Amino acid sequence: MSDVQGFFYPRTATGRASLIPAPPWFYSGDLLTVEYRTDPARVAELLPAPLEPAPEDPGAVALIWADWQSCSTDRSELLDPVRSQYKEAFVVVRCSFQGQVFSRCVYIWVDKDFAVARGIHQGYPKKLGSMWQTRPHAFPHAAPTIGPGGMFGATLAAGDRRLAEAVVTLREPAESNGFVNGHPMAHHRVLPGIERGAADAFAQLIRSGSAEVEAGQAWAGDAELRLFDAPTEELAALEVDEIIGGYFRQVGVVWNGGTVLADDLHLGPQRQEQP
Amino acid sequence: MSDVQGFFYPRTATGRASLIPAPPWFYSGDLLTVEYRTDPARVAELLPAPLEPAPEDPGAVALIWADWQSCSTDRSELLDPVRSQYKEAFVVVRCSFQGQVFSRCVYIWVDKDFAVARGIHQGYPKKLGSMWQTRPHAFPHAAPTIGPGGMFGATLAAGDRRLAEAVVTLREPAESNGFVNGHPMAHHRVLPGIERGAADAFAQLIRSGSAEVEAGQAWAGDAELRLFDAPTEELAALEVDEIIGGYFRQVGVVWNGGTVLADDLHLGPQRQEQP
Amino acid sequence: MSDVQGFFYPRTATGRASLIPAPPWFYSGDLLTVEYRTDPARVAELLPAPLEPAPEDPGAVALIWADWQSCSTDRSELLDPVRSQYKEAFVVVRCSFQGQVFSRCVYIWVDKDFAVARGIHQGYPKKLGSMWQTRPHAFPHAAPTIGPGGMFGATLAAGDRRLAEAVVTLREPAESNGFVNGHPMAHHRVLPGIERGAADAFAQLIRSGSAEVEAGQAWAGDAELRLFDAPTEELAALEVDEIIGGYFRQVGVVWNGGTVLADDLHLGPQRQEQP
Amino acid sequence: MSDVQGFFYPRTATGRASLIPAPPWFYSGDLLTVEYRTDPARVAELLPAPLEPAPEDPGAVALIWADWQSCSTDRSELLDPVRSQYKEAFVVVRCSFQGQVFSRCVYIWVDKDFAVARGIHQGYPKKLGSMWQTRPHAFPHAAPTIGPGGMFGATLAAGDRRLAEAVVTLREPAESNGFVNGHPMAHHRVLPGIERGAADAFAQLIRSGSAEVEAGQAWAGDAELRLFDAPTEELAALEVDEIIGGYFRQVGVVWNGGTVLADDLHLGPQRQEQP
């Protein structure tokens, strides 16, 4: 028997096989965001106690596509980019906890296992999906300009079904790329109990956010967004009542841990029985 | 604020979006197994206290490929088979806990997110990979026979690198498809703490196993196995010193929860710092 | 300079790198078929002269899913099954040429490059797609029975959009698994001219079919079929007016070349100009 | 019966389902190139008559990774980027035909079907593969700078085996990103005859090249390159004897057809019989 090493599983004698190394984690990427308003009741029902709806604009939703390159401290992933590049699409709402407004990711899809594992650590409820977003490029032969009239498309699919598609047409520089994802994140980390029908074995509310962010000029514009239903998804329940805006921004980010907001939470009826 | 539903994340008002439904989970599939002996020290160093090496044949290893169709109680996944079929390869060793011998999966790769999520629940340290194994078929034009001389190949890759390849040539009916994976599983379920450099927030040793198993005739035969190194894998450290045998078997399985063996475990130095 | 070897590209000094070896090609697989009637005009408009609609039931369509294992003469692919297994979905109609009835594949999607290459040789208009079909298994825990009441689902997606989904419920043994795909195939093999706006450089009508077929008991049953539109697909134009039936059958097949029916064909306006 | 439309297969009444629209095709992308020298005999044996080795530096090879966004005239693919983005790795040598030096792609892997189809038209011998190359980004948190010291990695895999991996470290601005891929392309377009054992039904030598190219500042640097063997590949036979250099460059390109250099070519023994 022995002590085993490694931030995440599998833990081994050296820790080399760990699916992800310990933070900090570094990111360079492009964000394409569509913000819109849905029925605030649809947002509220996704917020388990003790979270409450945000006091202002409680139906605001951000659907964000991100095209990332990422690495850990030794940057070795950057030279084996299958371990560095990934794409994601995620849905953010706002909530309130003890009088403070937080952002909260309620749905997210990624396309690599290391990204899934980071999400389990950070409380992002990651599934696998297929995400595509138009890339800007130095030459416009087959690429939009980051400037007025630049058009960016984005799509999300999972389970061989398209779940969302968006088009953002840039209009002008802006202060930010939206407000919904602008707060610290309040996320649950949950593990069901192993016994049949048991309550959660672990449930924790954590606060997390970027340790460092550098961001380029944000651009705002018009946006179209279509959501499609699927048997095991509920994204389309967040119906698009009113588009707030579309945004593009390039960022560099460091993530390096969070803090516990509350432990031993009860997240509601723990096991719905299968009929 | 509201109670949210769902066995796994994301938890919602209805629970429909949960990445996996509550157990029981049902499986029909084909298992291709290669058992071999490696240096027992290589196995021992993968067993965190309080686990100890198995008293007999402590260097025995099983590398198992499985081609699964699976579903939950309502069997809806079977008619949308992108949500039902998956492939996996996993490495099993044996260990001892409080005088009882357990099997333990030390490495595993799957190709669907629902399989990753089940693994997080069950303590299987699942990564994504690309697995292929020869299928038997009613017509032999491009398929082996399940019988003497039937040859089955299997490969495992992850990160665009091949990690293992095997060929099993069936020789005769056998009592079982190996002994290494024949005990209840002793698995850790672990979640690192969210604070920078923190110890694990959750670490639990659980016992799990099939609630029901039906198995067809096992076949035994000769096996070849090659393991290849990769920067983020340690499978090849379990060098093949001596092949025990190769096996093929078709099975039907139900999994329906486990029990806690020990809580609040210390799994060794929790955070190796990045240099 | 040298003679180069190899059935297909890339041709090299040894021929080993050829994307596909020379026929014969061998197949073992499961076929799930839905036959239905659409407006005969929709079929007729897919038949370039000199092909004509079939004299009887000219609106009959078969949408067939196939789950294949395949190999060439030396069977080496079977032990490296990433090079052997593939899935496909294809749409077959009937037509008439010089008084004889032929089957003709008008749309087809596969998931491996060797399958695409075989199609270029055989005149199947193959695109890449994602196909899934329920598998029967010796154990029913998560699999249908090949017998009365056995339910098989199948889906087709391409470009991250679902294009078709079917459910077949077996009812009884049948003489065959449909009639639409029961004739020799009449396929075009076409290569556009390399000059801007040129006519085809090569256009040939060939006859092809299985050199050998062995087939298990066919099963017939009820079928549901839904087709979905997509910007670059026309499958949904073959609307389902009336379901003929659903079928399941396991087969072993050898393909070993065809014959030329007509050379130097004109397939209509060769180059639609982009607006 | 009817005239059918469409540049490529499948041809239909409207042409909408064609796997690719007619040229011109537009590209924006990043090229990472490693040039090296191998035994000139290994290059010569890949050049079927009437091609001859280039008179100078006949063993020069370029292995090029490209990260593309592409579209046709109506640019609709750019807003549905699953139909626009693809990656490739390709091997270029030089040859001589009627006294003129040409470039020639001898091996190429891509990851989308529309790219395969373009290659069939253009004479690129495309297989499917998995390619990754480090991306530059406006923020260096997880990305190299396009400048001195900027490090770019690239990998190529097919059939779940890694075939090549490279690292390029930029040193200084350069006149070009290499010389091997700097000539018009001389490519064969070949289709085997459909009859068992027949000679090619179509074999044509064409000249092709970009109709327009805009290129950013080229950067040159040091390069490492490792090639790995595989059962159905011959890339590793082009052994790296001496690295010439590594290069990075961003480009915008239009491709719009080519010209026929020679028709009715004999490419050597047409059908090696399977043993």
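Chains: A, B, C and D, in written order; residue numbering restarts at 1 for each.
We adopt the following convention: a contact is a pair of C-beta atoms (placed from the backbone, for glycine too) under 8 Å apart; a residue touches a chain by one contact, two chains touch by 3 or more.
None of these values were measured; they are calculated from a predicted model.
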{"item": "Pair of chains joined by more contacts [C-beta pairs], A-B or A-C", "value": "A-B"}
{"item": "Farthest chain relative to subunit A (centres taken as mean CA coordinates)", "value": "C"}
{"item": "Chain centre separation in whole Å, for subunit C relative to subunit B (CA means)", "value": "36"}
{"item": "Rounded Å distance between subunit A and subunit C, as computed from the means of their C-alpha atoms", "value": "40"}
{"item": "Rounded Å distance between subunit A and subunit B, as computed from the means of their C-alpha atoms", "value": "29"}
{"item": "Residue numbers of subunit A (touch at least two other chains)", "value": "80, 82, 130, 132, 155, 160"}
{"item": "Sites on subunit C touched by subunit A in the complex", "value": "130, 132, 155, 157, 160-162"}
{"item": "Subunit A residues touching subunit B - in the complex, by the definition given at the top", "value": "1-19, 21-24, 44-53, 72-74, 76, 80, 82-83, 106-107, 112-113, 116, 120-122, 125, 127-128, 159-160, 188-192, 194-198, 201-202, 204, 206, 208, 231-235, 256-260, 267-269, 271-275"}
{"item": "List of subunit B residues in touch with subunit C within their complex", "value": "26-29, 68-71, 75, 77-82, 84-85, 130, 132-135, 137-144, 151-155, 165, 167, 212, 214, 216, 250-254"}
